[in-house]
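The structure appears below as structure tokens.
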Amino acid sequence: MSDELWTRRMNRRAFLGVAGAATLGIGLAACGAKSSPISGASTVASIKPQVDGDLNYFNWSEYMNPTIIKGFEKEYGVKVHQTYFDNMSGMMAKIRSGVPYDVTFPEAVEAYQLREGGYLLAYDHSELSSWKQVIPFFHNPWYDPQSLHTVPYVLWTTGIAWNSQKVTNMTGSWNDLWNHPEAKGYIELLNDMHETLGMALLRLGYDFNSVDPGQLSEAVSALLELKPSLRGFTSDDQITMASGQVWIQHAWSGDVWLAVSRMKPSEAKYWKYETCKEGVPVGNDTIVILKNAPHPGTALLFVDWVLAHAAENVAYTGYSMPTTEGIAAFGKVVSEYPTLNVTPEMLTHGVPFKYLGQAGLQLWTQEWTKVMA
Amino acid sequence: MRRWVWRLCLIPGVVWLIALFVVPVGFVVAVSFGTVNIVGAPVYGWHPSNYAPIFQSTYTTVLLRSLAFALATTIICILLGYPVAYFIVRFGGRYRGLLLGLVILPWFVDYLVRIYAWVSLLGDQGFLNGLLHTLGVPGSPPLRLINTPYAVIGGLTYDYLPFMILPLFAVLGQIGDAVIEAGKDLYGTPTQTFFRVTLPMSLPGLMAGCALVFLPSAGDFATAQLLGGPSSYMLGNLIDGVFEGGGFWPFGAALTTLVLAVLFVPMLLYVRYALRGGAVISG
Amino acid sequence: MSEPGENVRPAVNAVTDRQEATVRVAGHDRPGGARRLLRRRNALDRPRFLYVVMAFVLVFLFAPILLVVVFSFNATHSLATFSGTSLRWYKQLMHDSALLSSLVVSLEIAAATTVVSAVLGTLLALGLVRAGKRWTRPAQTLAVWPLLNPEIATAVGLLLFFTQFGLTLSPTTITIAHITWAIPYVALILRSRIVGLDPEIEDAARDLGATDLGALRLVVLPLLWPAIIASGLLIFVMSFDDFVTSYFTTGAGVPPLPVAIYSMIKHGVSPEINAVGTVMMFLSVGSVLLALAVFRMRSAGAKEKAVVDLTGGGVA
């Protein structure tokens, strides 16, 4: 067969192959798509806190003091089967696929999504003996009206940490990241779309969760301006700070605490943390019980236990917990670095992370990828 | 008759490949035109707008950069690999196998370890900078070698050089000394012989080598991530960012489809030239 | 258009025929001719620059790796200065349970991948060569495509595929992903070998009364055995080494070693990685050398074994 004929045949066959594959893929996908539970007003389940089997626990690794878990196992004579995820999309994918976990720990935005999607159990919070210890802010959070499905877990703020031996003249503003040319090559931002793009929006005076294309575009340009001065983007801000690789770090408050507690005291005393006047992102995780949890009674006991032992958790994770005891304990832990503290006042004035919506998520992903490019 | 036995043999492999290779590729294309629901699950539909931002300048820059890196790597691999293959075939003598083995051996070291070797060589606290420091060169670090495009191209060359050498070795080996001698008789000088005899005859192997280097390096991301840095990101890094960073998956799928589309033509050329002509994957 | 593999053998034969003809013409079979030819070669054909490039490439390829090995025995944390030998990084590795579990997972995945892809790949190869043109053309394209496809596209596709069907990402999914890219490698390597098989031995077997399957078992498979083992070991090393596919199909459990190392490097360079790297190096290189040794032994014995089996062990 002649060469051109052969090439045309190959081209045609290859094109048909891909088209066929795509169609096959779509067909199979449509068949395989699981219908999610119907969303809408959840009826409050009447679950009693009592042991009904072992606990299936799904969380980040090293995100809860092991003594709390061991204490729970001992008190109620059950085992806690721990599985871990290492990012939110991985967690969501597992939950979507219906794996029978009892409790998991989504961030506020993911909790909102799961609730809207009908994946969460609504239960009577008065069954929790420690519920009254939780600060009033969380009795009706934006992501869970009346807080029927969630209890809050850890709290943090996002700000700027710096090594005062190398850099001075910080003004408590997000502009500090842009205005220190002497630190060129030693600045890092967080490799987190919502944190960093949101921060750029705040600095320009816009809403942290804006989905306005023009505003996002401006934010992206500002970040691209900053990019040449950056060493990079990281999610391991603990390590970059502790290793001396950076002088200025866009950081999560809890990681700042963990970093300074691991440094030599002679180094740690130079590190400082500020929150910024244009807006302080305040985030929180939550604990949720899944609608198809096989052991909801044990789960309720566990949630109650964790809240009751909030004080034990704060030093281990480096993050504050929103119960009266937890807040007091955390205040003591960070007494040398008071700016790391998360107080109820900061919650009311802080900027929450909100769900961006499908279209918003698409827009943000496209803009954020430009920053990465 | 006997034929049906052999036809039966085809079935398990073909079924596996269709189910687990062709269909997933279809998924990538399908998801790229879809969107997501409230909990982030892909929802299929027709949203070609997912592709619109790709034609903006930032993305075309990354695309061109990826292709440029891959092209540079391929060229360097030719410049280094062809002489090496030629040398081993023509002048290796009884050490042919040993020399070839030596050249291929680094490829059996894990890919990540090879990149790491470069990181520790070129890094700010790495070997080269340490050497320069002891020699008294000022600066901390004396030389910024890592986090540059050159480090990325160097790393990619290091990763894929054996893929250029192997097919060239195979095809040059087939040519044989006597043919080259005959060529010399015809054309007189070694250079003429090379360009008129050796090179044309080695073309299938050369094309194979080019494809085996260009195609994987265009889609690479680990090298760019660890040796490059934010200003040297390739398409693979962007795709990685969307999927690992909890972004809008259909957009990540669109970027992946872009990679597929762009590399489709080189793939077809490879199939046309290399597989029809000479020996390719030695075995 | 002829199939790719089918061209190779006749082409090689043609070249060797041509070589023989040229040799006879150039006078190698005459006493003085050989010496004359050798002298001409020495004078004109050893360009200095080839030696230089060869040496440079060898240094280029080995220097970084040797650095890793040497510094894995370094007594201090430094990557720049070598201050005395010590096994501390290996000791640290021994106690690093995370890395050790990753090593085990990688070995398990590699073993499973090797076995399954060897079986499926060999079958596919047999079919590709012998099933008749109408069937083999599309199968051929299908078999070659995964080799050319950008690995990141295959990996993302599998990620979407697995999550769509709710399959938890785990070493099992990684294994399935590895087998998918491994089958074409095995198939293509075996294919060349099958094409090169002497059909007369199989015909002889059938003349002696063996069935088709019998001929397959007694004649074809033993002859293919060295190639199967060689490709198996190649797949083992490639799977152990694999990064991109594993990266996208690893769940939250224990990742394979290359993925674990990637995270470690992202966190910052640690001399422990030198130790891991050296260990991996010896494992991979060792497997390859083992393959060669086995290949040599088997290859020598396979043809004899086939003949002996055929003739009932009676004839010498």
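Couple of notes before you dig in:
Order as written gives the chain letters A, B and C; numbering starts at 1 within each chain.
By definition in this document, contacts are C-beta pairs under 8 Å (C-beta built on N, C-alpha and C of every residue); 3 or more make two chains touch, one makes a residue touch a chain.
Note that this is a predicted model, so its numbers are computed, not measured.
Chain B has its Cα centroid nearest to the centroid of all protein Cα atoms in the structure. By number of C-beta pairs in contact, B-C leads over the other of A-B and B-C.
The mean-CA centres of chain A and chain C are about 43 angstrom from one another, to the nearest whole unit. Averaged C-alpha coordinates put the centre of chain A at 36 Å from the centre of chain B. Rounded to a whole number, the gap between the C-alpha centres of chain B and chain C is 17 angstrom.
Shared interface positions of chain B, defined as residues touching 2 or more other chains, are 22-28, 31, 42, 243, 249, 252, 271. Taken residue by residue, chain A touches two or more other chains at 6, 10, 14, 17, 28-29, 33, 93, 96, whereas all remaining positions touch fewer. The residues of chain C that reach two or more other chains are 1, 141, 145, 164, 266, listed in rising order.
By the touch rule above, chain C contacts chain B in their complex via residues 1, 4, 7-8, 11-12, 15-16, 18-20, 22-23, 25-26, 37, 44-47, 49-51, 53-54, 56-58, 60-65, 67-68, 71, 78-81, 120-121, 123-124, 126-132, 135-136, 139, 141-146, 148-154, 156-161, 164, 176-177, 179-180, 183-185, 187-190, 192-193, 212-213, 216, 227, 230-231, 237, 240-241, 243-244, 247-248, 257-258, 261-262, 265-266, 269, 273-274, 276-277, 280-281, 284-285, 288. On chain B, the positions that touch chain C within their shared complex are 2-3, 5-14, 16-18, 20-28, 31, 42, 80-81, 83-84, 86-88, 90-91, 99, 102-103, 105-106, 108-121, 123, 125-127, 129-131, 133-134, 158, 161, 174-179, 181-182, 184-185, 190, 211, 215-216, 218-219, 221-222, 225-226, 236, 239, 243, 249, 252-253, 256-257, 259-260, 263, 267, 270-271, 275-281, 283.
Every residue of chain A that touches chain C in the complex is listed here, in rising order: 1, 6, 10, 13-14, 17, 28-29, 32-34, 83-86, 90, 93-94, 96-99, 236, 239, 243, 245. For chain C in complex with chain A, the residues that touch the partner chain are 1, 138, 141, 145, 163-169, 251-252, 266-268.
For chain B in complex with chain A, the touching residues are 22-31, 35-42, 44, 50, 53, 56, 58-59, 61-62, 147, 229-231, 233, 237-238, 241-252, 255, 264, 268, 271-272.
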